[in-house]
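You will see chain A twice below: alongside chain B first, and alongside chain C after that.
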Partner chain A sequence: MQESTAVRRDPMTAATARAQSRVGRFAEVGLPASGVLIGVLLVLGPFLATVIRSLLYWDRDQVSLSLQNFVGLFGDPRFYQAVGNTVICGAGATICSCLLGFSLAWIVSRTDLPGRRWFEIFNLVPFFLSPYVGAVSWIYLAAPHSGVLSRLLNQYLGLPDDFIRIYSLGGVIWVLSLFYTPYVYLFVIAPMRQMDAALEDAARVHGASFWYTLRRITIPLLTPALLSSALIVFVTSAGLFDVPLALAAPKGIRTMPTEIFQLVQYPSDLGRAASFGVVVMIVTVLFTILQRRYIDRRRFETVTGKGYRPRLVQLRRGGRFAAWMLEFVYLGSGVVLPLIALFMVSFSRLWTGRLDPSVLTTHNFEYVLFGFKLTQTAILNSVYLAIVGATIGVALAVLQGYYLNRGSRRRRALVDSLLSLPLGIPGIILGLGFLIIAIRTPLYSTLAIILIAYIARFFPFATRTVSSMLLAINPELEQSARASGASWLQTMRYILLPLLMPAIIAAWLLLFVIFIRELGATILLYGQGTETISVALVILSEHSAATMTALAVVQLILLLGAFMLFRLTRASLLQA
Partner chain B sequence: MTRILTFVAACALAILATSAFAQVPALEGTSPAEKARITALIEAAKGEGAVTYWDVVIQPETNDALTAAFRKYYGLPDSFKVNYQLLATAALQTRVEQEVGADKVTVDIAAIGSPSWVFERAAKGDALEYDSPQYQHYAKSIESGLGKKGFFAFNGAYLFVPMWDSTRLDFKGKSWKDVIAAVPAGRMSLGDVSKSAAYLATYAGQRKVLDVDYFKKLSETKGSFLVRSEQIASRVVSGEDLMTFTGMPTRAYQNNQKGAKLKFIFPEEGVVLLPQNMFILKKALHPNAAKLWIDFILSEQGQNLIVKGEALISGRAGFKSPLPEYAPPIESLKVIPIDWEKTSTADLQKLRQEWVGMFNP
Partner chain C sequence: MEQDAFVSIRNLTKRFGEHVAVNDISLNVAEGHTLALLGPSGCGKTTILRCLAGLETPDSGHISLAGNVVFDHNARVNLMPEQRELGIVFQSYAVWPHMSVSENVGFPLKVRGVAKAEYDDRVARILNIVGLGAWRDKGATQLSGGQQQRVALARALVHQPRLVLFDEPMSNLDTQLRDQVRMELNILQAKLGFTAIYVTHDQAEAFSLAETVVVMNLGRIETSGPPRDVFHRPRTPFVARFLGLNVCEGKLVQANATAGGQVEVAFGESLRLRGLSGDEQKLTAGAPVLVCVRKEHIGIRKLAPGAIPQGLSGEIRAASFLGLNEEYVVALEGVELRAVQPASGLRAGDRVEVSIRPEDCIVFLAGQNRLD
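Presenting the complex of A and B:
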């Protein structure tokens, strides 16, 4: 009896084992592949929708396949104005961010400036703040005739009170530069630390001056990192909707994102908006390809693994003063002054351009947090989107990262390139693509479509963070586990995921921060009850400065909270 | 026995219901037929549980007051939701057209100061036909082309006029023409006609009394182009602009309540009155609640709350404005006559191009 039972059990065990093996194989191959597939669909879906919509032309009720939308676009002088202004903004912001980012990174990593450890942390703070809130704060600081700074400059230096032209391309470039400097800073600080100081020492020993050494040795060594960051800053700043909306639109200065937004507004011309989007996507895809090339070069040329510890430059009194001044001007302009402006306005019942103690109130905060349905809904929606979006985004990133680093080598480069495309596509264009997809479906005006758009736009950031960590983990660890009988899922659960945890946390926090402040994609997709904090800020900026700034402070607290978590978990961007 | 119990229970329920409705202010002094109509609407609205309206003027605080009064007026429970969204004119038009086009209507009522567009919506069949009993009090306004019988009246009208901060500027002008030289170049704001249907409608009216050369001169003042009336007023209060060409008395009132010193004129050439036409969308999710909302807003009580909160000009016959300085009776204004129903979107687009050609915003 026992024998027959054993005989009967054997085939069952074998079948179970075969089934488990099939499940294991499916998990090992299928899960990463499904992550990639979802990523590809998220990229290609809005892209194809935008292309198809750009080719559909409506003449009264007749629709036809035509290039008429492109003909109309290229025949419109506003298109060229918008493109020209966008290029100026992008190039200006890139140059300024590179100069500032390089200088700040050099100060904290290569000099003996007292307090540089603190500056190292604080230089990253603008990365976590909303550029839109920054732009609005700068209006309160530098608006002609009423800005706090404008008045002070007029009062104490006798400068005209419209000396600072914040509503201009210069104003846009200034604010963009403040918020994109950390991108350059992050890119160059690591290679700056790893640089072989012997090259600089050799130059100095042979009589080269400090500036000559900087120009001929240091900067050329960092060129790949600088170019990589410059490309990212150019593409992302040129595609940013928020800052031109606040600073360029009031003076009728057109930029590409504001023009696309305008084309979607009544009387809307979705066809022309889509054709504009297609043109921009083609250009940005080219930029992304360029950027990838440079990133590849950077990895090849600078990560040598030798672990140099560069000699710190001993700053003289003048140099120390200049370095401090630069830090104070940057942190003052990017963090301190905007915060002061925000607090002054948010605690005032009526903003008259100066702080009036007789109109101070906490009512705006009470109203935003407890009395106004729009802001309450927006806060809840943003937190929900950030938590759920970051979680899904990171899950996708882990699967995609695994595929790109451990999966089949075939088509890996192509997949990697494809999955990187959203890095270069402006949020408003991706939002337009998803609007075209969703407009006649139940997804229209829902949080779900906003969530999908967020993930589609930003998952490459998480994928790159996870991928860079995966690169550093030797596959032998996983192979040992598999050789010892662990299944793929067990290997992932007990070996790889614990090792990846710092990168997962870093990627999650990065996405959380980005989603809390995102505006470009949301502005075209939100509906009644699906407003986010950034959308509410735009709505309120047109209605009430006081409640808008109070909400901005709430957003700021959320973002700074994420920054603190970043530091506490030791999963800082620098490590990632 | 069971029949007797059922009868007693039914009677008790009827008495309870009658006593409950007896406390409903909306039913007081109404005819039996009207009472039955309102009672049916209230019951249906309770089933719908919410009403959603979008507006381009009404501020959140006024909405709060309207919502509380609306619930009380019809005896609706606190759980009954009034969803409200404040949008710019173009944004409201975009969203309504998107929702109608997508056949996914989430808004019940749209209230907007773009009369030509609302007439077009009614003509295209996007508006629900509803002959509110309150329309009888708006007969004169409707006859003068500010509403359409069976479809819409307006919850209040507004206008754009020159406005300034009296602590910074001593302006004594009386005409639109006096505005041009009133402030240095770059110190005046203008409503952006290229982006807003309300400013476009105003421009359409102004062009009937002011020629193109006037606007060419105005464009030389190098003003800032803004969309929202609140933002325009804030910039005048903060001193960023000394004057605005398109100030809204509503915003002057609201800012002055907080301590500002804004002043405005009704220029002698006339003003363009923009009725905030309220219409129910044909595919509204809560049509019964929407009908109640329309009735309430157009009632004496609703108008009183709106005028007190927003300083809008009421079109209700015999209504005495509580804020005559900011919201004078229509009869006292020199209104530039425009036939909004015959002014098509295409006509307005031509005027928009003309304005853009001069101002290049």
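Presenting the complex of A and C:
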């Protein structure tokens, strides 16, 4: 070592060094900032478009700036019906999925229930399924006269044929609850696991019963997680277009998303739709702010990772039976029964509501994959959108995450709240915003505008995933690379990106799943040749159950494939 | 002096919002020299280090390394960390968890495009020097704290930078390992001849490693000099307190005839001590002063019951066992002093005779220092 010389870069003049330093700083500051800028444009674009459009009123050919659209909206009884029904659906779904999600999380993480490791995985499966397909499967299961379950109940228990009444607000709430339970489950299970057992043990030692401890200690400690997941579930389930489209619209039950969809259909009233959109946006943003405030305030007083892990509750026979029943009912209704219905219909030549082995066929799949232009295009479009969209979304997320965790502290809070605005905004509202932007431009009904809308609506999920992992990476790891002589880009490539890889994979798969099944935004933006799988499902639902379910199975395979990759790469959904 | 300084910091100021972390500091370090920045947490020492490395942008001032200007507020020069050609060892070691030991260590060579043969050669040699030759292909996170510290050290030295920065490099090691690493660092530095700047809050570390110790407080330099000077003659009450001396408030009874001469200080009703003035200026009688005495310089002897003390008399309030030595809290007419001396089996409540030599007491005018 002594005899060798130092390793240095070629000496350069002070001027070159300075010039290089300027270029370097540009990459270091400019790249993350451009990621943020694109994000902000993606958020503000449709927002502003919707607001402006809501203030423009067409009277024959005369356009004026007025509140006429809002006057029309607030004077329409259908508006109040739609809002009322939507609030009922959202509240119902929130209550049910909180109860279910909390119980399932508790069973899996805090009891010694045999098989809990399997349940832990399978409880998440509905998270990966398409709510629209779920709703349609429940039609096959429970529609009056033709539903498999309705028929069995009628046959063996003598219940009336329309006992289940799937075409109703109750039906909507039921299917929404099945799909939103994993959200609550994910939110609650981490703090439940990390909770310091001493907090509960202290209560028991000082004389509290099990139930009293659960009520007065455990649940209050988990309230922040529970409440913040409840707010998210309320906002997102109320804004979901898929389920009301399948279960409420056929009976003429108005909800917010279906009503906006109606307003855009011929003869369209974009002004009215935009004003409805503005109202929904305001309410959603208020809820999002509420949720963020609440989390910010409560984050540090909840539970710590220190102390020792909670003991597992030993279930007695009754408890074990009840826990199993709950798991079976949930997984049965959320996964097994819908999948059975889907497979039965998709393998039948003609669906009559009864499984007839003599008409079993794979013809539907051959047709969907090789014979039918619409489904072929739809599959290609969806895969293209999901792969390209997830890649762009994750790239944006990395840049934004970097800005939020490593960039200048001053603007962080503002940027963070701006970038998370779309989190709760219903897809159909954002789709409306992009429709207003794209209409009468070459972008109209192209894949490009759908892609932009997907990224705009969902990049915050990826940003959150990446950001939470970045938070855990000590900046000194990057700083020592810089001090060792690596440029910012080299530091990204050799240090930060490899360390972030689990979050990057998790975020990519999450976006892939979301994009494969997205419907709310697409339904307003697609045109001929730019149909996606979900859009094709809606189109086919009116014509051919067999073709439709076969396509749904194809979509299911894509979604479950992503789920398997999730398990394989050990990417954690909790990061999302 | 300015010309041959290897590291030169002039009028460096760094604020974080309202808080002034580094307040108009100037420092020079000669080539091959070792400097320690010593001070309590929050005194600005780490900020200086980070400004040197280019990880923090100062608000004003000038930094040059090896004759090259790396930061100058007025000339708008601010080189990026990777352009400054240095090495750094962080408190957390910052060993990259996704790389092996040799990948970690070889990183500075890799980004400089060193050829494979030389790369392997250098990595092998530096790993042998730090005693990790057998660990080269291990994952970096499989190592113990001490080994990770060596990886960080090897990484900071492998490209032979002329300046190496150490940010509390030993605070995560246990005491035994710390002594060992300290020795090894001394040997390494003599061998490789790099200039080193340490940041530490541990005085033993600073005194044993550095040729110059800079004591900092609230973003300013409190004192600087060779370790022996800083240690033996604290320049300010803050330094005295930081080094663990007893610091007691009293009133000057008799002014000194000459600067630095002997003065007499009164505590309470009857206690009087003589000491040397630590301030440059003359002290006036009646002024409030602070008297600083090293714990080891307070002699205590047990009084037999009924015996009449020759000098000062006091009472043991508490005793704690330190191994070869024992530390006592002695109450002297309302003034509590801490004394360390070879274990003598004294207990709380024992009456003792206390002796303090005037040349061991340093007297400062109170109220001058920001932390008094």
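Note that in this section the second predicted complex is superposed on the first by the 546 of 576 C-alpha atoms of A that agree within 3 Å, B and C clash if a C-alpha of one lies under 4 Å from a C-alpha of the other, contacts with A are read in each partner's own complex, and residues count from 1 in each chain.
One rule holds for everything that comes next: a residue touches a chain if its C-beta (ideal position, glycine included) is under 8 Å from a C-beta of that chain, and two chains touch if they have at least 3 such contacts.
Remember, predicted model here, so these are calculated numbers, not experimental data.
Participant: Just checking: does A:Leu499 make contact with chain B only, chain C only, both, or neither of them? Give me first, second, both or neither.
Facilitator: So A:Leu499 only meets chain C here.
Participant: Once the structures are superposed on A, label A:Ile52 by its partner contacts, choosing first (chain B), second (chain C), both or neither.
Facilitator: neither
Participant: Just checking: does A:Tyr444 make contact with chain B only, chain C only, both, or neither of them? Give me first, second, both or neither.
Facilitator: first
Participant: Where does A:Gln479 make contact in the superposed view: on chain B (first), on chain C (second), on both, or on neither?
Facilitator: Second partner only.
Participant: Look at A:Phe372 in the shared chain and tell me whether it touches chain B only, chain C only, both, or neither; answer first, second, both or neither.
Facilitator: first
Participant: Touching chain B and also chain C: which chain A residues?
Facilitator: In the superposed arrangement, which is not itself an observed complex, chain A uses no residue for both chain B and chain C.
Participant: Mind pulling up the chain A residues that touch chain B in the complex?
Facilitator: Counting only chain A, the residues touching chain B are 143-147, 162, 167, 249-252, 262, 264-268, 349-353, 359, 371-374, 439-440, 442, 444-445, 527-529, 539, 541-545.
Participant: Which residues of chain A touch chain C in the complex?
Facilitator: The contact residues of chain A facing chain C are 1-2, 4-9, 14, 17-18, 20-21, 24-25, 28, 474, 476-477, 479-488, 490, 494-495, 498-499.
Participant: Quick one: in the complex, what on chain B touches chain A?
Facilitator: Going by the criterion above, the answer is residues 52, 54, 59-60, 64, 83-88, 90-91, 93-95, 97-99, 101-104, 106-107, 186-187, 192, 195, 197, 224-228, 230-231, 234-235, 237-241, 255, 258-260, 345, 349, 359-361.
Participant: Show which residues of chain C lie in contact with chain A when the two form their complex.
Facilitator: 53-55, 68-69, 77-88, 90-92, 94, 96-98, 107-112, 114, 122, 125-126, 129, 152, 155-156, 158-162, 165, 191-192
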